[in-house]
Amino acid sequence: MRRIGVFVCHCGSNIAATVDVKKVVELALREPGVVHAEDYPYMCSEAGQSRIAQAIREKQLDGLVVCSCSPRMHEATFRKCAEKNGLNPYLVEIANIREHCSWIHKNMEEATQKAAILMRAAVAKVHLNAPLQAGTSKVTKRALVIGGGIAGIQTALDIAEAGFPVDIVEKEPSIGGRMSQLDKTFPTLDCSACILTPKMVDAASHENITLFTYSEVEKVSGFVGNFTVDIRKKARYVDMDKCTGCGVCQEKCPSKKSLNEFNRGLNTRSAIYTPFAQAIPNVPVIDATACIKMKTGKCGICEKFCQAGAIDYTQKDAIITREYGAIVVATGFDTIPLDKYGEYAYNESKDVITSLELERIMNAAGPTKGHLERLSDGKAPKEIVFIQCVGSRCSDRRGKPYCSKICCMYTAKHAMLIRDKYPDTKVTVFYIDVRTPGKNFDEFYRRAVEDYGVNYIKGQVGKVAPQPDGSLLVQGVDLLENKQILKKADMVVLATAIEPNKDVRKIATMLTASIDTNNFLTEAHPKLRPVESPTAGVFLSGVCQGPKDIPETVAQAGAAAVKVIGLLAKDSLTTNPCTAKSDELRCNGCSQCANVCPYGAISYETKLINDHGVREERRIAVVNSALCQGCGACTVTCPSGAMDLQGFSNRQIIAEVDAICR
Amino acid sequence: MPVNENWKPTIVAFCCNWCSYAGADLAGSSRLSYPADVKIIKVPCSCRVNPMFILRAFEKGADGVILCGCHPGDCHYSTGNYYARRRMTLLFSMLDYLGVESGRTRVEWVSAAEGVKFSETMNSFVEKVHGLGPCVRLGDLRCKK
Amino acid sequence: MNSVEAIKEISGVNPLKCMKCGKCSASCPSFNEMDIKPHQFVTYVINDDVESLAWSKSAWKCLSCFACIERCPRDVQPGRLIDAARQLLIRQRGQQGLTAEEIPTLLDEEMPQQLLMSAFRKYWR
Amino acid sequence: MKYSYFPGCTLRNKAKDLDTYARSCAEVLGFGLEELPDWQCCGGVYPLGHDEIGRKLPSVRALNAAKERGQDLVAVCSACYHVLKRVNHDMQTDADVQSRANNYMQLPEPYLGETRVLHYLEVLRDVVGFDELKKKVVNPLTGRKIGAYYGCLLLRPSSVLAFDDPENPRILEDFIRALGAEPVLYPYRNECCGGYISLKDGDMSKSMCHRIAQSAQGFQAECLVTACPLCKYNLNKDGSLPVYYFTELLAQALGVKEGDK
């Protein structure tokens, strides 16, 4: 029989005020095997731990029960204490008499009784605890970054600088992401491309960074330190090694009617294209759905003109399998579709646009070469209305319940830039609240009002009505004046809500990373572990975790990189010893356990078994303890009862059940 | 059978380590009370709960057994709670057939953030079991004199 | 039950969901006819100020066109609130939007039954 | 296909055209409208108050009668459709309304919103199909520019009515196109005509209707088409554009209008 010590913590008055700790000690001493029991105000303190150490030594304890706070709080503390004093850490059990008892019950008698039962269950369990040894698993010293926007680029650069190889997987033909589509950035108004392009070039030329553009993650298996990932390299139909990026193919391509995604569909592009001039890599792709050669077999003009001989219509998708120690998700965002917001006439009028479309219109490389024009008739707008919170802060079935965070600032930016460049154009902003927390942010917004005369109206817009003369009649409200307003405008810009990239759900499922109701990835702790996913080895960078602007994204990208570096710097990781184990004598090799194992940790081997003197070869299950995460699905599935989970064995749990129901 | 108001049921709650146990901790740190009749057993995942454990509990005198796990789709081990749900559906219908009323068994999804839900669930479950009175169907006669 | 509670009960609306964006008032076709505007209605209920609502003509000017309900981003349903206030005036205070004497003067040849029916339902107990 | 039919009070009097043509066109298009015996007026407006059970009962009776006949319930008037559909939604989703209405009705089997409520236009769109309708047109209304006027009651609240996109509806436009005419899109086709306010404040509804008609005229509409007698009455008071019931145009196109007169 084990020699067990029971230690009851007062936690100041947190426990002792509701639980009669002396009584629990008294009852503990009546339990079989308990040779020592005591109480102390703070068991977790230095002094408390030394009392445990002393008891282990003096009473030769080989099992500990600590009645204290939740094991999520101090289990590790007491296990370390045991280990330091020569006891296997897995011979410690915690009875949670604070969160599950003293904090929720008021009646002292009831609480004491419950605490005693919880203690009893822990004692019963510890009798059956086996000393377990944590194993180790190796760490593959390479990281994967999914998404090549500013978040992904920054994370990759920081990891690469620390000396670890990083791969970036980007589904578009070029890295750059949303930031490459922006014209200027707030609050300094520097040109987005001017600050982003050097970073893109750095990423492409860094010896530790490998780019997989026009590629998508197809499959992920493994676990922290040991991920195996299949990457689908979509057929580009252009040989990346041969192409010189001269651009002749795009000029000559006769199929020029595809919507230009980079310009948000505001103009068209050729079937063979690079999304934008500074694209990295500067190698075009052929859009097979628009290419005449691919559709009809006739044409082949690009191939004829390509002096490098880079065009290859026969290219196929390729799957590349790589191993990684850590994965960073940086999948970014898109604007929400506006189909459900018919009152703004977005689908009815070409002159009602989203803010991201305005970015393209204002950009020198955009559809209007940077001239502010109405897309319907090319005229310069004289009166522009901005509408804030389109789809943001909508708890109805149409929009998103959260604040998109960036809209107040980019609208102030747009308003200011327009007033600066076109002083005779009037700008009105309908807003609910102006939210500008951030360094130099409110000052920026006030400049738009005070120096540039942007007219901010507190109130929403009910309807945008296109008029026969091509103008737009905006019906809104001024809440401060308590007046309904009818305003004739030439252009209406909608501050459209942002949402996580639509692929994120698929990626999160592959990574078993959790995702919230708005499809943002969940952090391991909202305050203390904001750049880690609850799934070990998966990290979050940028808007995939929640709306944020460029400086915040870059800061988070750096933080995620630090976490990755911290992981990759280790040679091996300690594994959870509470893994499944198969009893050779009972296993009949039926494979049912392997079917339910989410980690592929169970394999089969043929082994010579000595079953009570009968020697025969049998097919039996073997658990790879490095892969097993200890969920226990196999233990219940096993029809012969051969599979059991160390640390949570059938006998241990039944002992707990018995102790509680006694 | 009229139920004695002072009678206290014995209730076993199996909670998965990642969501529901943390949810119970949150209920505790938020001081959301529920009856002391509930005793929690920590398991790594709801799929670790063998139907045998639940039969054993009823055999040894439990009046109600509740299994709490992560919400569907949120399982730390991705699919464990689906296995648990399937197994429990089968087990509970068998128990019902044996005379252990369906009100004495329950599966509930409680996330780590749902302290309120945890306490509400326990309150309503205890109330339900209390209304049903002591469970004697599976009592192990060998254990009682 | 006090009047504010009655309004919440009849309408089934939780005015606290309102974030004061004003979209209801921006959408309301009767805005200019109302002394207390739709978005203010919500605030008056939150502030327990039923007395002011009782003296307002707004309750009789709402057309039940449901534009505010359709477009409200917080699903507050201001139109239901206004209708509940109207019912409260009719039920508890005996106010009416129409008197029997005025009816003959309002009729005309073309008038559809639907108009009379709807108006009676809205203005009378 | 046979439907239970709820004509409504106005279709018996001032809006006979709306009713007569609906019936005769149904015959041509191959579906039957069987008027419910003993239907009662829907009340014209949906009782918004949560506790107004009594005012919902006429609709529940009609809905239950259709259920007992095993038929979907069709209305032509926008207001009847609106009230029936919303009361039906309450009977499906609101336990309080369900139990109180059923307690009062004492039906052999409780009514729980089983009946499907359809607008005549929905039958044209989803059962007959606008392509089929087009084939049956004998007098296409070629060259006519018609503005569809939806008003409020067909569209809002869309969460319950689910009739069409509440801000950019298309069903009447598709209908107009099927008859061979050209639909005119204008922004105020879902704005309120003033409804019952016209009884006491004619000027208010007149100005609202004027804005609607002006907008349609601005986009070159020659006339307006509606499904609601009250909308038609109010728009007629403004008088800028002629207003027709959609069934009237349908009868014209199908060639049944002359025969009936």
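In this document, chain identifiers A, B, C and D correspond to the written order of the chains, with residue numbering beginning at 1 in each.
Please note the rule applied: a residue touches a chain if its C-beta (ideal position, glycine included) is under 8 Å from a C-beta of that chain, and two chains touch if they have at least 3 such contacts.
Treat the numbers as computed from the prediction; the structure is a model and nothing was measured.
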| item | value |
| --- | --- |
| Selected pair, greater C-beta contact count between C-D and A-C | C-D |
| CA centroid of chain A to CA centroid of chain D, Å | 49 |
| Chain centre separation in whole Å, for chain D relative to chain C (CA means) | 24 |
| Contacts with 2+ other chains: residues of chain C | 67 |
| Residue numbers of chain B (touch at least two other chains) | none |
| Touching two or more other chains - residues of chain D | 166-167 |
| Every chain pair meeting the contact rule | A-B, A-C, A-D, C-D |
| List of chain A residues in touch with chain B within their complex | 70-72, 96, 98-101, 103-107, 110-111, 113-114, 117-118, 121, 512, 514, 534, 578, 596, 598, 629-633, 635-637, 645, 648, 650, 653-654, 656-658, 660-662 |
| Of chain B, residues touching chain A in the complex | 10, 12, 18, 21-22, 24-25, 27-29, 31-34, 36, 39-45, 47-53, 56-57, 60-62, 74, 76-80, 83, 87, 119 |
| Residues on chain A engaged by chain C in the complex (per definition of touch) | 343, 389, 393-396, 398-399, 432, 458-463, 475-477, 479, 482, 484 |
| Residues of chain D touching chain A in the complex | 159, 165-168, 185, 187-188, 215, 218-219 |
| Contacting residues of chain A [partner chain D, same complex] | 341-343, 345, 347-348, 397, 463-468, 473 |
